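To keep things simple, chains are lettered A, B, C and D as they appear, and every chain counts its residues starting from 1.
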Amino acid sequence: MTDLFLGHYAYWAIIFLLILGLYGMIFKNNLAKKLIGMTIFQVAIIMFYVASAVKWGATVPVLDPVTGAADAAKYISPLQHCLMLTAIVVGVATSGVAFSLVIAIYRRYKTLDESKLLERMKSS
Amino acid sequence: MLGYKSNLIILMVSHVVSPFIMLFALYVIFHGHYSPGGGFQGGTIMAASLLLMRLAAGREIAQLQFKSVLGTPLGSIGVLIYFGTGFAAMLSGGEFLNYRFLPFAGFTAAELRSLGILMVEIGVGLAVMAILVAIYDDLLEGYPND
Amino acid sequence: MKIINGLLLISFGALLVYASLGLPNRGDVDAVMHREKSPAGSQGASSYYIRNADKDANTPNMVTVILADYRGYDTLGEETVILTAGLICFLILRRKKNKS
Amino acid sequence: MIQNSPALVPLLLLAAAISIPVLAIKKTGVAYLVAAAASVFSVMISAYNMFRVWQSGPLTYHFGGWIPPIGIEYVLDPLSAFVALVVNVVALAVLCHAGGLKGREVSEKSVPYYALVLLFLCGANGIIMTGDLFNLYVFLEIFSLAGYGLIGIGEKQAPVAAFRYLIMGTVGASFYLLGLGFLYIITGSLNMADVRNILPLVQANPAVAAALSLMVIGMGIKMAIFPLHGWLPDAYTYAPSTTSALVAPIGTKVAAYVIIRILFFVFDIKFVSHTWPITDLIAWFAAIGIIYGSVMAMAQNEMKRMLAYSSVAQIGYIGLGIGLANPLGFIGAVLHILNHAFMKGALFLVAANIRKNAGHSDISRLDASYRKKLPWSMAAFTLAALSMIGLPPTAGFFSKWYLALGAIDKGNWIFLAVILISSLLNAVYFFRILEKVYLVPPPSQKAGENIPPETTKRETSLIGEEKYSLLIPAVALSVSLLLIGLWNANIVKGIIQRIIPLGM
């Protein structure tokens, strides 16, 4: 039981973050808050990948001339870090696009509140 | 522009700090082979230095440093560097992005790959820097100030 | 509607917790993804990268080698993503020149 | 260069897209030319790829020369080559049409607009051809980001629609990424073929089922399968005409293709239909979606909106074919990807023509004068509508035929009833338009002020005031529907039967 907990508590914390982000996206009325939820969600996924790359007793994936490269257990898995570099940039790009859309919406309707927005969309 | 007021101290500090940030960005890009770092990280830091000047001196003055018009074309050029590196390898007989086939004489395969990685990282750094600044400029320009 | 959304959220969490029970312990060196050979006998990618990155590309930083060489096409795609974002901001927000 | 041909289409589109901002820095007109040329070449190359695959079997391409579990590979089997060809042909038609529109709705921003169109296509091609699960995510992001941008440039309400699409689409892509994370931890590989080999050995793990569910839900959002379709109607309605005609046929089909890939080519058919029966779930939701989309389409007054809801219904057909998980259903689904891409392309192009001519696309304001003004467009519309309804010589009939056979094969009569009822509903909402166009007399001259003056002026010209570039793509797409219908046996025998996944 303790073993299970120690091996998984990081995943569970990340699952909490994922739910938090999804909650923000579904339940919040303000578009900017939805965006915050989206960012939390994406960052939680990045943390999930990075958390899974860990090996106990291993070092960062930069070749240490003393350790050598013969034993793969001496370095944490570099693949997830590389994938997440990509995912981070994707996240930045998405939030940039989202902000530009939010600004375009605000420019046209002068509000970011979803219910007000729907009203103004109908009236125009 | 959003009640912007010039503040001498901020301006001076940014003036002093900005070149050092740029230098550090170059270090991060070029030292990516040996320590954590590389194109993205360096490009972001470079963009941070440019954005610092935009925040401190105002967008109009900061145009002297980096024109907003340049953003998208420069980003394109950055991607083109990456693409061109891969394509050069493809033209000289290998697969796309197979740096071993890069047309430089007198290098071993591993060295060619190292060189290819460097070229690619420079392209990435350029693109990330230019696009981040361009996004910032566009977001600012689109701000509903009327 | 709110109740349905709440239930969906809870079931999402439950699914993830259920899935997480199947994951190997964090930091376990013997986890499948860290092995030399996958269960089907193919080369395990992660350990291959660790052992051969410096040999293949003369570069000690394994993440850089994966990023730009082994999986370089991903990085090209991902640079394209950020270029796309720049183009979209340009498309949506930049106003006509004669107006401003 | 020949051995590089599998990778050439996405690379060509990418190169064209990134060179547009540089080339068009002085003259903005260059942008369209580059886009059109790239599209023509992409059709040629993908046709060549299709030919090569048809002759010599699946092709693989290893980026950077690294063998698959290490590097990224492209896999061109008959399925991916076929879907790529369909996507590129539809895109070429839409781009020809866009030349006729002269970017009316995107005014001065044609440079980023056409660059984004090319990036959208590049993303679609990359998704279709890739054999690597993470590479798929990256290209999915290019594809969907470009889609958000292309939609967000439209009418006044467009940014709101695009924002909603962005939130839902990002959730979808993130779900996919999360599922991929679970899958990677369990299998230690990102390559589709490799994962397929490893999965049977680790299938008992609960994380595998969760990964499958997350990936399918994520792609289901992109595909707009019934309960996840919320973003689609607004997005298609408020987007510019070119975007609607591009995103509607391509966007959802690519996601459907990914679902097919994941369900049948990464996971095992037994696993997805028995151990963790997600295909049944897909089939039931798809069946509800077929009815729901058709009913909603009947209630709409705006043509683009009606077509959007009809898309929800048609996506349901594809989902149903996937969910049946038997060979006939699979054939129906793949054939419907082809048919629906062509039908929706033609219909949205006609909608664009109507919008350009009349300035609106309200169904209630249509009348027989539109048939006189736009005879060819209306003929194309009629043909495509008949195909949507599923009348025999047209293509739409055959995909429904295979789906019905699949439903019978599965012994599920409810699905059969759904297919038949929805055909009737389709007939109702399309004949509503056809009736107006062919039977309702135009309003007398008193109501003439409704018609913009520019359109009344040239009423005497031979083919109406349509330009050839506006006309030919729509007509060509709908005529090809007839041809697909006639040659459907060849397509099914020559291509689709070769790709029925193992064990189905």
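Just so we're on the same page, a contact is a pair of C-beta atoms (placed from the backbone, for glycine too) under 8 Å apart; a residue touches a chain by one contact, two chains touch by 3 or more.
The structure displayed is predicted, hence computed values, not measured ones.
Participant: Based on Cα centres, what is the most central chain?
Facilitator: The most central chain, going by mean C-alpha position, is D.
Participant: Please work out which of A-C and B-D is bridged by more C-beta pairs in contact, and write that pair.
Facilitator: Greater number of contacting C-beta pairs: A-C.
Participant: If you average the CA atoms of chain A and of chain C, how many Å lie between those two points?
Facilitator: That pair's centroid distance is 11 Å.
Participant: I'd like to verify one number: the distance from the centre of chain B to the centre of chain D, where each centre is the average of its C-alpha atoms, in whole angstrom.
Facilitator: Those two chain centres are 36 Å apart.
Participant: Distance from the CA centroid of chain B to that of chain C, rounded to the nearest Å?
Facilitator: It comes to 22 Å between the two C-alpha centres.
Participant: Two or more other chains in contact with one residue: find those residues in chain D.
Facilitator: Where chain D meets two or more other chains at a single residue, that happens at 14, 18, 21, 63-64, 112, 134, 138, 141, 145, 148-149, 152, 159, 184-185.
Participant: Quick check: what residues of chain C touch more than one other chain, meaning two or more?
Facilitator: If we look for residues of chain C contacting two or more partner chains, we find 16, 20-21, 23-24, 33-34, 45-46, 49, 55, 60-61, 63, 67, 69, 71-76, 78-90, 92-94.
Participant: Multi-chain contacts in chain A: which residues touch at least two other chains?
Facilitator: In chain A, residues 18, 22, 52, 62, 83, 85-86, 89-90, 92-94, 96-97, 100-101, 103-104 touch at least two other chains, as defined above.
Participant: Which word fits the touch map of the chains here: line, ring, star, complete or other?
Facilitator: Looks like everything touches everything, fully connected.
Participant: Which residues, counting only chain D, touch chain B once they are in their complex?
Facilitator: That would be residues 4, 7, 11, 14-15, 18-22, 25, 61-65, 112 of chain D.
Participant: Which of the residues in chain B come into contact with chain D in the complex?
Facilitator: Contact set of chain B toward chain D: 72-73, 75-77, 79-80, 83, 87, 90, 94-100.
Participant: Which residues of chain C touch chain A in their complex?
Facilitator: Checking each residue of chain C against chain A gives 2, 5, 8-9, 12-13, 16-17, 20-21, 23-29, 33-34, 36, 45-47, 49-55, 60-63, 66-67, 71, 74-75, 78-79, 81-82, 84-86, 88-89, 92-93.
Participant: So in the complex, which bits of chain A are touching chain D?
Facilitator: 18, 22, 25, 31, 34, 38, 41-42, 45, 48-49, 52, 80, 83, 86-87, 90, 93-94, 97-98, 101-102, 104-105, 108-109, 117, 121, 124
Participant: Any idea which chain C residues touch chain D in the complex?
Facilitator: By the definition above, chain C touches chain D via 15-16, 18-24, 31-35, 38-40, 42-46, 48-49, 69-74, 76-78, 80-81, 83-85, 87-88, 90-92, 94, 96.
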